[in-house]
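Structures are listed in the sections that come next.
The following pair of complexes shares a single chain, chain A, combined with chain B in the former and chain C in the latter.
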Partner chain A sequence: MRATLAQASLIRHRARTILAVLGVAVAAAMLLDMVMLATGMRESFRELLLVRGFDIRLAPKGTLPFDTDATIPHVSAITAVLRGNPDVRDISAVLGGSLHIEADGRDVSAAVLGIDPKVQGDYELVAGRDVASADAIVVNEYLLRELGAKLGDTLTVATGFDAQTRTYAGQKKLVLTGIARFIYGAAEQSSAAVRRETLEAMEGQKRRDRASLFMVKVRQGANPDSVRKWIEGHIPNVTAISIATAIAQVDQRLSYFRQLAFILGAVSLFVGFLLVTTLVTVSVNERAGEIAVMRAIGVSRLHVVEQVIIEGIAISLAGALFGLGLGLITARYLNSILSEFPGLPMAIDFFLFQPRAAWSALGLLVASGIGAGIYPAWRAASLPIAESLRREAIA
Partner chain B sequence: MTAPSGASVGAVRDVPTARASIVSLSDVHRDYPIGAELVHALRGVSLEVERGDYVSIVGPSGCGKSTLLNLVGVIDQPTSGTVAIAGKRVDAMTDREATSFRLHNIGFVFQRFYLMPTLSALENVELPMAEAKVSARERNARAAKLLEYVGLGARQHHRPSELSGGEQQRVAIARALANRPALMLADEPTGERDAKTGAEIIALFRQLNADGTTMIVVTHDEDLANAARRKIHMRDGRIVQE
Partner chain C sequence: MLLTVLSFALLIQTPQGAPRTIAIDEAFASQAHLKVGDRVTLSARPDTPADSAEVVIVGAIARRGADPSEVARGDYVVRMHLDQLQRIAGYGDRVDRFAIATRPSADVGRTLEQINHVAFGFRAYRSKDIAVETSRTFQVVSRFHRAIGIITIVASSIFLLCIMVLKVEERRRDIAALRLMGISRLSVVRSIVIEAGLVAVLGSVLGIVIGWVVSLVVNWHYQALYRTPLYFSIITPSIVAFAVALSLVLGIGAGLVASARLARTPPLALFGR
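Up next is the complex of A and B:
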């Protein structure tokens, strides 16, 4: 019966209830977006790092992967050292550089990765074949469009451009064998991959046996952090970064972002709380006489409290459900804008929907709905019956 | 008007076999602090009402009629003196005890009906029964009989806005009878009603009393006051004439 009475009270002022639900929905959408934003980038980054199963990255000492042009020398020796650890399963040495490709008299530049196709973790082939031979190249869709090329075409490719002499360190004709999606590539970034030995040969002596990055997979059951420490102990000229340390670094860099999201989320929650409190308090004040009569005919204080709190929860819950949809739509829209941010991998999501986050937001809103009902419920329950009836009679 | 069967309406079941006091007030005072001033709403009122009686309380505004009714209805407590209803002291009950007592022993009818506008007449009558944890089936059947008793058998599913003022007051009366109260209290039940509606309510109250319900009515309405068997006059917080 309490629920019926609460429903009756909300239906009585339909327009006001609908407006309140919409107000809560906007606050809920904002809260959900902020919760998604606070955890989304971190989770998205973690998923991105784990997507190909590599647990540890080795970058030149004091740098982050591809943060600078610095490289790690003695790839063969480092690989041999790494192989000495029984917990290391796969090693992928990656050499980064830039390519210049001739296309109808134009010079199209692109980022290039020199990899070992058997263990690479940088791209997923979407069409054609991988770089099985030294004269093969795979490119992303964006570069393919820039070049106006198609699979099977032979491309004239140069690397190591010297701006002073206006010459290239090396040139080679490569066959376009595949189209790939580069996992860590930014939007509208031209990317390509060749075998590492191909890139080394083109770049010349100064980049021979060098790598910009090592990616290491550890054996199942092994502790990546123990392996990371072992690597730093045995290979002093690298910085070893496990997923956990990378996440910690990302966390550190995103701390302002998260604080902002937290504050905005808290403000949204508070606005929703105030909205529901105000509405239910107004409703209780309007019904003072009615509540006094209910108390007079024997309705207990507890049941009056329950009825008022149900009203608060009903508004919050309806608003939260609308807000969930609204939040997802706005998050998708905002994500599409932010994913165009230069230099960020396309696969990074700013707003990542996680059921746990949605439940958390929903739970917070319902809790705030209960909280919002407490003050008006207390007012309703503590109305002096005789005095309220007397006031009503005078009114 | 059709009288309900004895088993269906508590007021009928409560018909006493021997005359006994149902309301007993002894030297009751009620003071209200209003600002720095103390208002003496009741000044030593003593009153006995027997089971099956029909009492009207009249007097000028501010004479303490409604305060007296509130004390008898256990929605207020005296500053001093004792109030007993159906043999039970009610002047120092806790809120929980008073609420439960009202639910099972007292029916209220007010000038404004305070029916839930989004509930049907039947659902409004069911409300106190739901509070008393009467099963859905039983309360539905009992509410239907009560509405028939007050002459609204055909309008059970109408909402208050679809009923006239007199009909709404009848629904409020049926609601007051829902938990078969020993005592029914009415505060200006014909106030602001037209003469025809007032006459209907007076007739219904007579019928209720004839069927055994003990009634106490506070009113300015001479016709309603004269319909009662006892007429009590109040002035300045005292009973001045009966």
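Up next is the complex of A and C:
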């Protein structure tokens, strides 16, 4: 009965109801996008860090992984110390650098990682074989295109290049054995990986037994934060970064987007709320006589209140359902814009759809629909019956 | 702690053995509790032995310029003498780049060609070409803001349209009374359109004031957060003109559509008879 009356009231003014639903839909779309932006970035980054199961990263003291050229000395000694903790399962030492590859008389440069293929967590092999031997190299598809090479080709690779004399340093011939997708690499970035000992040999004495980064997996059930604290206590020249601290650092750097999401989300919710309140209030004012008649024939205040609130919820729900679809489309578009950030890993999504985000947006909209109906419902319920009927009769 | 070391191409003769000076940025000074006159030890790598590190004096604390590329970067900047940095970093007689100022009358294109013709192992670029390349981040942010702006404009347009339609519809009985008194349809429509226009103008003025206050808060907050004199939100005359024009068009349009519809309806029907 209440729902039927609310429906009749909404259908009576179709154009107005459609406009209100459209308004709420756009506000809902914006709200969903902003909830996705506020939570998606962090979740996407967390997934990216955990994709290969490494819980802790060790970078040179005071730096973030690969933020500077600084390296950690004594890899073997540090590995031995880490092995001393029973909660440490796997250790992957990574040495970063740059490569110069001669291709048809051109110098093609790329970022290179020196890894141990048994425990590496930086790339996934797409085709071919991993770097099983000291003369093997894997590259990403972008670099493969740049080089115009194919699997099995022998590449002349160097770690140093003097542009003035056009001479290479640390040159070595490597066989292209595989094509890989580098998890933390940007879309337009040339990347390659070789065994760490290969890169060390090419770089020379100054980078012998050094690593740019250690990645550590802890045993199942162990607390990564306790292991992180243990590492910082035992290895003073490194900064140990757990997933939580890495996310906190990214949060700090990208706080602008979270704040923008919060502000725009709040504004969207307020606009939706205001729209529904206005519409339902006008609707109640127009039906003052009708409501007075209902009250005069014995319809309870609660019944009137419920009917008005149902009207508010109906507009919010219809708008929200339409808006959620619209929000997914706009989120995709906005994500495509932000994914063009230079140097951003390809796998990072700013707008990540999670059912929880959709439910949060829907919940907020329904709550705002209920809230929007409260004032007009109170007005409707507190109308003086006799006076409203008299005014209606005179009108 | 992350240090980005830049250097000035400036050589100053100092007494043999006396520590030389460096300039550090405000954020670094505040974080490391450093003040002018403090002695600090510098090295290029964290594990450098103390006897190989350089002792310098903090000679100046510099405030960062309005450089967008530094926003959201947590780096601290130390400026030091070129020869000293080359020695500490083991860089030899090398630099990462040269900056060249040309005379106002110089033909920059020709100068570039001349340099590149004789260059051996390096290449000269026009500053504005480099700026285009390095400002990709801001182009992305700008595109994102534009897209958000379009969505906001669509949302506010629908909101405005809805409110104006409601406002006109609320006047059903007034319009019916005017029509019954013999006032022409055109006069009724005109009066409502003028009213809608006035409401739109008043709303725009209020919106501009709110926008201006919000802009002040945004700048105050983000300038403090990122320690930069950059302006994050600027209200320009063209933005104000666009907002007022949009609100007027939508307000008057909605008033026109709703009033024309009501003016066509027989007055008694508007009374609900």
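Observations on the structure shown:
The definition used in the following text is that the second predicted complex is superposed on the first by the 388 of 395 C-alpha atoms of A that agree within 3 Å, B and C clash if a C-alpha of one lies under 4 Å from a C-alpha of the other, contacts with A are read in each partner's own complex, and residues count from 1 in each chain.
Note that a residue touches a chain if its C-beta (ideal position, glycine included) is under 8 Å from a C-beta of that chain, and two chains touch if they have at least 3 such contacts.
For clarity, every value in this text was computed on a predicted model and none was experimentally measured.
Applying the stated contact rule after C-alpha superposition, one finds that A:64 touches chain C and leaves chain B untouched.
The wider contact with chain A, measured as residues touched, comes from C rather than the other of chain B and chain C. Contact with chain B, but none with chain C, is seen for A:301 once the two complexes are overlaid on the shared chain. Chain A residues in contact with chain B (one complex) as well as with chain C (other complex) do not exist. On the chain C side of its complex with chain A, the touching residues are 1-2, 45-47, 72, 74, 120-122, 136-137, 140, 143-144, 147-148, 151-152, 154-156, 158-159, 161-163, 165-166, 169-170, 173, 222, 225, 271. On the chain A side of its complex with chain B, the touching residues are 1, 4-5, 7-9, 11-12, 289-290, 293-301, 303, 385-386, 389-390, 392-393.
Across the interface of their complex, chain A is touched by residues 66-67, 70, 73, 75-76, 95-96, 99-100, 102-104, 106-108, 110-112, 114, 116-119, 123, 126-128, 130-132, 175-176, 179, 187-188 of chain B. Against chain C, the residues of chain A that register as touching in their complex are 13, 15-16, 19-20, 22-23, 26-27, 29-30, 33, 60-64, 67-68, 70-71, 73, 162-166, 237, 252-256, 260, 264, 268, 271, 274-275, 278-279, 282, 285-286, 330, 333-334, 337-338, 340-342, 395.
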